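You will see subunit A twice below: alongside subunit B first, and alongside subunit C after that.
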Partner chain A sequence: MTYRQRRALTAYAFLLPAIVYFIVFFFWPIAIELWASFRSGQPLIGKSEFAGMKNYLYIFQDKLAIKAISATMIYALGSTVFTLLLALGLASILAGPLKARNTIRAILFFPYIVSFVISALMWKSILDPYTGLLNAALLKVGLPPQYWLTDPDAAIWVLVAVSVWKDIGYAVLIYIAAIQGIPSHLYQAAELDGARRHHLFRDITLPLLMPTTLFLAVVIMIASMQEMALPYLMTGGGPANATRLYSLHVYETAFQGLNIGYASALSFVMFLLILLITWVQFKLLNRDIRHV
Partner chain B sequence: MAYKHTYSLTAKIWIYPVMAFFVLLSVLPFLYMISLSLQSDAEMFSGQVVVIPEELQFTNYVTIWEKAPFARFILNSFFVAGTIAALHVLFDPLIGYVFAKMEFPGKRFMFVALLSTLMIPFFVRLIPLYIMTAKFGLLNTYTGLIMPFAMSAFGIFLMRQFILPIPDDLIAAARLDGASEPRIFFDIVLPQLGPAIATVALLTFVFQFNEFIWPLVVVSSENMRPITTGLTLFNQEFFTQWNLTAVGGMLLFLPCFLLYLIAQRHFVKSAMLSGMK
Partner chain C sequence: MSKSQWLQSSALALALGLTAASASAETLRVYFNAGHAYDTYLEAIAQFEADNPGWEVQFEKFQWPDLRTKLVADFAADNAPDLVATAGGWVPEFAFQDLLLPLDDLAARDQAEFDFPGDWFDPAIAKNTVNGKIYGLQIHLTCATLVYNKDMLAEAGYDAPPTTWDEFREVAIATTKPGVFGFAPNSSFFYYWPWVFQNGGEYFDTETGEVGFGSEETIGAMQFLADLIHKDRAAPVPVAGADYEGPQKLFTSERAAMILTGPWDINPIRTGNPDLNWAVAPSLSNATQATVQGGVALAIPKGAQHADMAWDLAKRLTDVEVEVATSLQYSMTMPRKSWLADERVQADPLLGQFGSCLPYSKDVQLPLTLTGKYDPAVDAVMRQAVEEVLYSNEPAAEVLPVAAEEANKIIAAK
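Right, the complex of A and B next:
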């Protein structure tokens, strides 16, 4: 055996546990889920037969799924847009010569690290119509109490607000790093040419932050499209299914309805959508993994 | 450093209040949790704005242990998150090393396949993983809680990025001297990875400590619940007792809070890494 072959064998030996692990816990589950998504009956847990595209087509007739898709779109787009706008504003201030900016940055980032269970439950408690802090404060200043989480029109926006509250510190962090990475001679040159400060922001900072913005938009969008814990913890999907996000619908279809074939089709559609968004991001950012 | 100007007085007048508002908003639920955890039932139901409870109800911190097995919940969380973090410390550097410094046929393909797993959302794996876990008879077990997270492409990728800058000459020289690959890994590569390993261990621990969906699905017996689902189901059972839920929240909050205080730098650094291109 040559030296080269021996070294390749060593490498494979090191990799063996990982190869087995990723096949069993990543690729195999995807494969059997794809298989199940084309079956009716009880695929994976009992008897089933081939059903063609039936499960996929059923999505269009499932009123709850359609409702879930529109709620998820509002939630994902709302979370992404508001997080990015607020984070950009905060980051452009925090990238400047502000006292205590590192402390502020650390505090803003904190909700991102803390368990979502705590955040969701505490916000729910603050918004509780009878014992919550917010309605008590509203009453104190003479305003009528609000039923934040039981009003179908308001509830989804409450979830958006909580998600913005949680993600904003992360986006601020990334934006600050990107702003600080912009070479200062660009600003100096523009100032010499007589550009005003808001022009500097519009014509230098903003365009140079485009890749960062795109990256953050995709990361936050993909994460919010899959959000399940937040509606599960705060509203249970209600009122009147107004906050029944897609993942929650899949979860209930699979684990309460035990409709594995249909739930598999639902989650595969989401998977394809996420892959599509990631692919578009790759194309736009022109990233490649050539230095492998 | 970009802007080197200073803020004018007028700018300062609005900047500091705005920052104060967002800082307060960030910590509000946690301050509220502390206050709530020390309120009596009467105070909680009074409908008044209570900032500091009139009489601090430390008894809440005693009754909570009688209402549900919270000690067991915390133990479960520490055990599961700790084991997963340990598995990552064990495997991620080694596999990262193979991809960073070793040559073998199929390397590129395997690396791309590894990275592609980053694009598989957990919720897409949820249903088949649950069925597999059930078929292996691992529902309501630590093994079942640990298995889906034992390895991840993210930790391996991070390690590879840290190992790449180690000079190839150093490794080539060791190979010429007849050092075996395991020896090179343990004697040359591993000692340089201290801070990187700490970052991976810390992040993995905190994320697993906070994991919610998977235990919600695979654990049905009360004694196997980690603190996240333990607290949630406690809250559903005692849904008007927000003060007791807040005490449980404190138990879930404190470990991560302490870790964040000690190692804030690691969290910030790794969040930045994920955003670098």
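Right, the complex of A and C next:
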């Protein structure tokens, strides 16, 4: 055995635990799920038979699934866009010489470290139309109460707002780090050329933050597409299935409906959808920007 | 003895000790609903362990959705527990998948000492029977009925609770005032069905093989509720959510004069507002007097490692003395005839009223579940339609028939 072969063998030996881990806990379950998605009956828990593409084709007839896809897209796009816009604005302010910036950063980051279950239950309690704090405050100042979680048109946007509240601290921190990494001589040179403050932001900060924006957009979008805890705990998917997000639909199909084959097909469609959206995000946002 | 010899001897002794311990200890795995882990059951479990030296009960508690998720995953991994508490409809569903053990042979063997199914109410047997075999041992049998605030009704001029829909509407309007609703409806799907049943409607018609959701009776029931909310302004729009405590909280805080609920809310109301002057009324009538039925059954999975011991524990948990103690302490209604006949139960006014609703109560999804074609997507479609009527004030006559058609398609595809 040559030296190179021995080195390669040693490297693979060190990688082996991780490879085994990924095969056993990631790729094997994915393979099983793919197999189940082509079965009807009770794959995994009982008798089943090969069903070809039947489960995949049924998705197009499943009005609940279509509604869930639509609600999930609104939720994911809303969460991503609003989180990025607000985080970018806040990071631009907090990266500067603000007195209370560390305190504000800590306050913004706090929701991110609170458990999702606690956040959801807290907001559910605050937004309750009859016993919630928010409506009590509105009544106190003479405004009419709002039916935050009982209005099918408003409920999904309430979930978006809670999601933004939860994730914004993380996005702000990443943006601040990225802004502070931009060399100051670029701004100085532009100022010498007569650039104004908004020019500096538009022509230097924003383009150089593109890799960070891409990273955050991909991470937040994927997490939002897979969101289940928030609608499960806050609205149960209602009212009128307005907040029945895709993951909740998959969960109910699999574990409440015992329709494992169809739920597996739904999961694979979601996987492909996320893959497609991530690819589109890379195409739109990936700019090879370097500064020297 | 050198240090290495001492280490070797210690390791050997430890290994032998562990082997001996694992050989003598047997574990009975039990999944139970977290809200039902009553002291009376824990005492029965402790007695089981005392009577069976070397046995330990691994009592795992979950909320219903988590319990079901865990159970389904366990079935997939061939790692089912020995005994499991199941919510309404689960027993026939799992029995159809051949995942549960029939209890007939065990029951026949112990007939002399344990009168099952003879001492159980008929509905408690019917909901656990698939193709002539019994797969579940009912441990709770409950129903939801009208609960009212006596002071609020008296203040509005009523000294008795309503008995019909017309009276109910009148009382709801009369007791409504700023910040207080005459009636607080529940957003949980289960709670819409008393109205449908009282109006003569059905969840599923076994003769036609279709849901009864588009019928005139169901439409009339949902429109009655919608009008109570939007026309009479005597009820709030129910708050969508995974829990069903909202109306109970409004009732306990004296912001609702009437709610529909079951015995599970007796303790929260009593502890939440000990001074509240309230009572339980018989269910309302329109076309007929009816309400919904719930409950819990114990089942032994087919893959259980200790089915005999699981059956032994199940018998202890459903013993009449345990049932009476549980119902008196935790206000739960029970499925045994001898429980209802017990003097202590008869003497409790709240338990007695809830118990009196059992004869005319109905399991909502059972007719469909017993065909093996139940799918929660059917409920999701119906729930969406009901919520469009109640939340957005869409006409029930337009929304419900469309949803019924969609629900029938889902059933036909099963």
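Keep this in mind: the second predicted complex is superposed on the first by the 253 of 292 C-alpha atoms of A that agree within 3 Å, B and C clash if a C-alpha of one lies under 4 Å from a C-alpha of the other, contacts with A are read in each partner's own complex, and residues count from 1 in each chain.
Quick note on the criterion: a residue touches a chain if its C-beta (ideal position, glycine included) is under 8 Å from a C-beta of that chain, and two chains touch if they have at least 3 such contacts.
Keep in mind that this is a model prediction, so the values were computed, not measured.
Student: Subunit B versus subunit C on the shared subunit A, clash or fit?
Tutor: Taken together on subunit A, subunit C would clash with subunit B, as the superposition shows.
Student: Kindly classify A:Leu206 by the partners it touches after superposition: subunit B alone (first), subunit C alone (second), both, or neither?
Tutor: neither
Student: In the overlay, answer first, second, both or neither for which of subunit B and subunit C A:Lys63 touches.
Tutor: Only subunit C; A:Lys63 stays clear of subunit B.
Student: Answer with first, second, both or neither: which of subunit B and subunit C does A:Thr131 touch in the superposed model?
Tutor: A:Thr131 contacts both subunit B and subunit C.
Student: Regarding the shared-chain residue A:Gly257, is it in contact with subunit B (first), subunit C (second), both, or neither?
Tutor: It touches subunit C, and subunit B stays clear.
Student: Per the overlay, which chain contacts more subunit A residues, subunit B or subunit C?
Tutor: Counting residues of subunit A touched by each partner, the higher count goes to B.
Student: For A:Asp151, using the defined touch cut-off, is the partner it touches subunit B, subunit C, both, or neither? Pick first, second, both or neither.
Tutor: A:Asp151 contacts subunit C only, not subunit B.
Student: Going by the contact rule set out at the top, does A:Gly237 touch subunit B (first), subunit C (second), both, or neither?
Tutor: A:Gly237 sits against subunit C, while subunit B stays out of touch.
Student: Between subunit B and subunit C, whom does A:Ser119 touch in the aligned arrangement: first, second, both, or neither?
Tutor: A:Ser119 contacts subunit B only, not subunit C.
Student: Is A:Ile45 touching the first partner subunit B, the second partner subunit C, both, or neither of them?
Tutor: After superposing on A, A:Ile45 lies in contact with both subunit B and subunit C.
Student: Between 58-66, 94-102, 202-210 or 328-336, which run of subunit C pushes into subunit B after the superposition?
Tutor: The answer is stretch 58-66.
Student: By the touch definition above, which subunit A residues appear in both interfaces, subunit B in one complex and subunit C in the other?
Tutor: 44-45, 128, 130-131, 232-233, 251, 254-255, 260
Student: Considering only the defined contacts, which subunit A positions touch subunit B in the complex?
Tutor: 4, 7-8, 10-12, 14-15, 17-19, 21-22, 25-30, 32-33, 36, 44-45, 90, 93-98, 104-119, 121-123, 125-126, 128, 130-131, 133, 135-137, 139-140, 165, 168-170, 173-174, 177-184, 187, 197, 205, 211-212, 215-216, 222, 226, 228-229, 232-233, 247, 250-251, 254-255, 260, 263-264, 267-268, 270-271, 274-275, 278, 285, 287, 289, 292
Student: Please give the residue numbers of subunit C that touch subunit A in the complex, ascending.
Tutor: Checking each residue of subunit C against subunit A gives 65, 68-69, 72, 75-76, 93, 97-99, 187, 236-242, 246, 249-250, 253, 255, 375-377, 380-381, 383-384, 387-388, 391-392, 406, 409, 413.
Student: Could you pull out which subunit B residues touch subunit A in their complex?
Tutor: Of all residues in subunit B, those touching subunit A are 1-7, 15, 18-19, 22-23, 25-30, 32-33, 36, 44-45, 47-50, 91, 94-95, 97-98, 102-105, 107-108, 110-115, 117, 119-132, 147-148, 150-151, 153, 156, 180-181, 206, 209-210, 212-213, 216-217, 228, 231-232, 235, 240, 242, 245-246, 249, 252-253, 256-257, 260, 264, 267-268, 271-272, 275-277.
Student: Which residues of subunit A touch subunit C in their complex?
Tutor: For subunit A paired with subunit C, touching residues are 42, 44-47, 58, 61-64, 124, 128-131, 147, 149-152, 155, 232-241, 243-244, 251-260.
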